[in-house]
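One chain, chain A, appears in both complexes that follow, with chain B as partner in the first and chain C in the second.
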Partner chain A sequence: MKRGLFQSTAVTLIFWLCMSALTLLPVWWMFLVSVKSRADLFGKPSFLVDTAKMTWANYAEVLSNPSFQKYMINSLIIATSNAVLVSVLALLAAYAMSRFRLVGRDNIFFWVLTNRMAPPAVFLLPLFLMFTAVKIGDWSLFDSRIGLILLYCVFNLPFAFWLLQGIVDAIPKELDEAAYVDGASTFTVLRTVIFPLARPGLAVTGILTWVFAWNEYLFASTLTSVEARTITTGLAEFVTVTGTNWGQLAAVAMLTLAPAALVLALVQRHIVAGLTFGAVKG
Partner chain B sequence: MSRVTLAGVGKSYGALTVLKPLDLDIADGEFVVLLGPSGCGKSTTMRMIAGLEEITTGTLRFDDRDVTVLHPRDRNVAMVFQSYALYPHMTVAENIGYPLKIAKVAKEERAKQVDAAAKKVDLTPYLARYPRDLSGGQRQRVALARALVRSPGVFLLDEPLSNLDAKLRVAMRAEIKHLQRTLGVTMIYVTHDQIEAMTLADRVVLLNDGQIQQVGTPDEIYDDPQNIFVAGFIGSPPMNFVQGQASGGRFDGPGVSSLACPGSGALTLGFRAEDTRISDQGQFSGRVFEVEPTGESTYVVLDMGGQRANLRCDKKFRPALGSELRFDVGAGQCLFFDTTTGNRVR
Partner chain C sequence: MRNSTTGWLLIAPTLFILFITGFVPFIYVLVVSFFDWNTFAQNPEPTFTGADNFRELVFDKAFLKSIWLTLKFTAFVLISQLVIGLFLARMLLRNVPLKGLFRTIHTLPLMIAPIAVGATWRLLTVPGLGPIPHYLKSWFGIDYILSRFPDQAFATVVIMDIWHWTPLVTLTLMAGLSNLPEEPLEQARIDGASEWRIFWDITLAFLKPVLLTTIFIRLMDALRTVDEVWMLTGGGPGAETRFIGLHIWRVVFPKTDYGYGSAMSLITLYLTIVMCWLLYVAMTGMKENKA
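Take a look at the complex of A and B:
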C-alpha cells in the first residue's frame, strides 16, 4: 500500500516537474538571451548562465531608453484604467441583472456573452476607421490611451460580467433587503454589502482584465502610432531592417513579463477562490 | 411605536392573485402573529408591510402616515429574517450598529447604543466575533439586536425560529415574548407553527389561500373557529371531524347518532381529542385503530366508519386493538360546519 502511494506520488512529482520545465524553459531561455552580449549570443548555446560573461547592459540600455519608459507607462495606465473601469461597470451590470426583473434578462446575458465569441481581428478594420474618424479638435481617438482603454473595456466587459454575475447571484438577496430595511439606499447597499462580499471576484476580474490589456498586441499595434504605444508593441521596434537586437528584445520581454508574473504570483490564491466563489452553497 | 392599518391590501402578479384584499388593524404595542400553511400569503403580507414587495391594491398606514409606496428605508420598520440576513463581513458589533451607521449616528453614540442593544439580548461577550463564529441561537439574537437598536415603529419577524433546534426554539420563544412585553413594541410575527402562534400572540391572523380565515386571540381561534380550515389547522392533534347528515335538529353520522345540532343538511361535526371522555353509555362509538402513548397521556385513534378520530385518555389507558369504544364529548364542545362551504353552523 505504502509502496503504491510512493510510486503514485513520484509519478505525479515527475509529471509536474516536466510540465514546469516545459513551461519555464522559454522564459529561462529568454532570460539567458537578455543577459548575454551581442557577441556571446551567437556563440555556443548553453542552458546555464556563464557568470563570467553575464551582463546587465541590455537591461540598462532598455531602461534608460525614453521610448521604452513611455511604453511602460502607457501600458501601466491603460491596463490599470481598463481593469478598474471594467470591474466597476461589470459589477454594476451584474448587480442589475441579478437583482432587478429585467425584460429579456436571459437573452441580454446570452447576447453579451456572444459578443466575446467573435475573433477580435474581425473588428479591426471598422475599429480603425472609427478611431480615425472620432476627433475633437486636435485630439483623436486614434493613438490615444483613452481609445485603447475604451476598446479593451468592450472586449473585457462580457467576460467580467459573466464572472461577476455568478458571484453577485451567490450573495443572498436577503442581505440587500436587510440593508434596505436598515435604512440603506441602493448605492449604500452596493458600497457596504455587495462590494465587500464580491471582493474576491472583483480581484480576479481586475487581475485577469489587467493581464489581458497588458498582453494585448493586435489592437495596440494597429490603433496607436507614437503617443499611446504599449510595451508589447514596443517589442517589435527591436526588429529592424538592419537586424534584430535580440539581447534588448529579450530584456524588454522579461520586463514586460515581470509585472504580470508578480501580480499573478501574489494573488493566485484569490484567483482560485474567486473563480470557485458561489460554486458551492455555504 | 406605531399602529398599523391595512385597508384592502392585496397582491397580484399579473393575472395571478396571491393575496386577496385584506383589512387588518394592529394596535400600538400589539403582538400579532400571521399564521398559515406554506404559500398562504403570510410572508408576502409581511414583506409588503416592510416595503420589500409592492402593494398592488389598497393602502397601508403607520399611525396616520400613508406608507403604501414608501421605500423600506423610509418606513422606520425593523425586520428579522428567517435566515437572519447577518452581514458576513461585519462583526457582531458592526452588524448591530449598521442601521445607526446608515443613519449617520456619531461613533461614540453608536457604540453606546450597540452596547445597550447587545446587553438586552446577552450578546456583550460576542461583539468582536463574526457571524460565522456564532451558534444559530446567537445569530438569531444578533438579528434581534440589529432590529432593536434603532427603536423602530414596527418590528417584523419572518419565521425567526425556524432554523433553530426544538429546545432552543422554546427558549428563544420565551425571550422574544418577554422582549416584546418589556419594550411594548408593535410586533408582527410570521410563522407556520401554530404552537409559536398560540404562545406568542396577543392576536392571531390565520391565513389560507391568500385570504384571512380568522382574526382573534389564541383562545378565540382555538375554542371558537369560524370555519373548518381554522378548526383543523389549530390544535395538535387536529380537531376530529365526522361527516354526516342533520335533520330536525339531530345529527347522524358514522359512530354518532341523534346528536343535537343546529341547521340541517350535510354537516361536519368537529370535536377535540381533549374534550372526550370514555363512557360505556357514550353517544359516540368507534373501533380502536391504534394506541399512542405520549408519556403524559395516551391518544387512542378510533375508526369511526372510515373516519379517524383521536381521543386523549388517561396515560395508563390501553384498550385492545379492534375493540369497540364508546365515549362522550363535553357539553358545548361539539362544533358543526357546513360540509359544502366549510363555514361554522351555529
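Take a look at the complex of A and C:
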C-alpha cells in the first residue's frame, strides 16, 4: 500500500503543531492581555510578549484587592471541602454497593447518576427558594459556603460514586474477608484495607471533583450575594461592573484556569472516562 | 455477602444528600409550576392556577425562540464536533513524535472553567482589542461586531463551543478507534475495497456504540450551555444567543416570575429527557442488533 504525502510523518507533525497553536492561541492571547498595561492594550495586535513593556501590575492589583482575595479563599474552601466530602461519602457508598446485597441496587446506581445529567438551570429556582428559606437566627443557607459545599454534591457525588465504584470492585474481596475473620469492624476494614488500596483512585477523584467545583458558575452566582461569592462569579462581575478593565479581567481569568491547567497532566488519562461516565475509557 | 443494614448505613449519607439537592428541588419545581407566583406582582402570594402556565408557554414567542436557538446551536456544534473530532482522532492515532504532548495540549480546553472560556473568547473578540475583529477588518474588510450582528454572535458562540468541546469527541473517538478489531479491516483490504469504503462500512459500523455515547454526552451538555455564552455575548444582541438556560434565568431572577419560570424549567427538563431517551433507545437497539 502506498503512503501518500498526506500520510507522511512530517505532514502529521506539522498538522499537530498547527492544531496545538490553534488550541493554545486564545489562552496565550489572554495571557498577553493580562501582562499589558492599560495604555498598551489597544492598537495592532501582536502575538509576541513585549518584554520591555511587560507588567505584572494587573495580577498585583487583583491579588491585593480584598474582595477578590475573599472570592479566591471562598473558592479554595468550597472546592476543597466539597472534594473531600464527596470522596469520603462516595468511597463509603461505593463500598456498600460493592460488598453488600442492597435491594434495588441497579435502580439506586441509575438514580444517582441521573442527578449529574439534569440541566442546572432547571433547578436554580427551587434551590434559590430552599436556600433562602433555611435560616437559623441571623445565619442563612443562602450566601453561605456550606450551602455551596453541599449543593456541589449534586454533580460531584454521582461522578465520584461512579469512579470509585469501579475502583472498589477491583479490590479483591478476599482481602476484606480475611480482615473480618480476624475480627475487624467495618470501619477498620475501610481504614486499613480499602482506603490504602483505593488511594490512587481517590486522588484522581479528589482532583477532578475539585476542578469541577472550582469551575462551577451558575449555582454560585445565583445562590450567593456577598459573603460566599467564588472566583468564577468574581470573573463574571468584571464584565458587568468594570467592563472596561480588560487587563484585570484577563488576570482573573488566568488565575481561574491556572489550577485546572496545572493538574491537567496528572489526570488527563481519566478526564475522558470522567466526562463520559466511564462509557469510554480514555 | 454481609449484613445489609451496615451497607445501607454506608450509602445513606450519599442518598440523603442527593435526595435533598436533586430530588426535593424537582418536586418543588413541579408543584410551583401549577401556581401563579410573582413576588413583585400585586398579589405576591402563590395562587393555584392549574395548567395555566403551561398553556401560556405554548404561545410564548420568547420561550419558543430560545428553544429553537438552543436546538440550532446543539445541531451545529454536534455535527461540527463529530466531523472535526473524528478527523483529529485519526490524526492523533498516527505515529508522530511528541504525540503525548499534543494530546495533553488538545485536552486543555476541557479543564478550563466555562466562564473563563467565555472570558477568553471575549478578549479575542472585543472590538479594538481582540485580534479577530482586527484581522477580519484588515484582511477581508469584514466588520465584526458581536453586539450588533446576530449571525456573527451565533457563529462565534458555535466556534467557541467547538474549541472548548471538540477535544472530548477526539479523545472518545480515539479510544473507540484504537479498539477496532484488525481482522475485518485486513480482510476488506485483501478484497481490494477502497479506503473510503472501508471507513464507511467497517470503521464507522464498529465505532457506532462509542459514537452514540459521545453524541449522548455532547447533546446533554450542549442543551444546558449557559456560562460561556453569558460571558461572551450576554445572550445578545437582543435575544439572538439567549439559549434556554439563560432564558429561564432571566424569567426567574430579574423578573421573579416563579410560577411561570418553574413551568418553563419543567418543559426544558422534559425536552432534555425525551431527547436523551430517544438516543438511549437508539443506543440499546443498536446493542441488541449486534448481539
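Here is the rule we go by: the second predicted complex is superposed on the first by the 241 of 282 C-alpha atoms of A that agree within 3 Å, B and C clash if a C-alpha of one lies under 4 Å from a C-alpha of the other, contacts with A are read in each partner's own complex, and residues count from 1 in each chain.
Everything below uses one rule, namely that a contact is a pair of C-beta atoms (placed from the backbone, for glycine too) under 8 Å apart; a residue touches a chain by one contact, two chains touch by 3 or more.
It should be emphasised that the depicted structure is a prediction, and the values quoted were computed from it without experimental measurement.
Enquirer: Thinking of the overlay built on chain A, is A:W162 touched by chain B (first), by chain C (second), by both, or by neither?
Expert: So A:W162 meets neither chain B nor chain C here.
Enquirer: With the two structures laid over each other on chain A, which partner does A:T188 touch: chain B (first), chain C (second), both, or neither?
Expert: A:T188 contacts chain B only, not chain C.
Enquirer: For chain A, which side has the bigger count of touched residues, chain B or chain C?
Expert: Tallying touched residues of chain A, the top partner is C.
Enquirer: Touch check for A:L175: first (chain B), second (chain C), both, or neither?
Expert: first
Enquirer: Looking at A:L197, would you say it contacts chain B, chain C, both, or neither? Reply first, second, both or neither.
Expert: In the superposition, A:L197 touches chain B alone.
Enquirer: Residue by residue on chain A, keep only those touching chain B in one complex and chain C in the other, then list them.
Expert: Dual-contact residues (chain A): 180.
Enquirer: Name, in rising order, each residue of chain A that touches chain B in their complex.
Expert: My answer: residues 172, 174-175, 177-185, 188, 192-193, 196-197.
Enquirer: Which part of chain C faces chain A closely enough to touch in the complex?
Expert: Touch list, chain C to chain A: 1-4, 6-11, 13-15, 17-18, 20-22, 24-26, 28-29, 32, 88, 91-92, 94-99, 101-116, 119-124, 126, 128-131, 134-135, 163, 167-168, 171-172, 175-176, 189, 210, 213-214, 217, 220, 223-224, 226-227, 230-231, 234, 244-246, 248-249, 252-253, 258, 261-262, 265-266, 268-269, 272, 276.
Enquirer: Residue numbers of chain B touching chain A in their complex, please.
Expert: So the residues of chain B in touch with chain A come to 50-52, 71-73, 75, 77-79, 81, 83, 85, 87-89, 98-99, 102-103, 146, 150, 156.
Enquirer: Spell out the residues on chain A that touch chain C in their complex, using ranges where they run on.
Expert: 1, 7, 9, 12-13, 15-16, 19-20, 23-24, 26-27, 29-30, 33, 41-42, 44-45, 47, 89-90, 92-93, 95-97, 99-103, 108, 111-112, 114-115, 117-130, 150-151, 153-154, 157-158, 161, 180, 186, 211, 214-218, 222, 232, 235-236, 238-239, 246, 249-250, 252-253, 256-257, 260-261, 263-265, 268, 271-272, 275-277, 279-282
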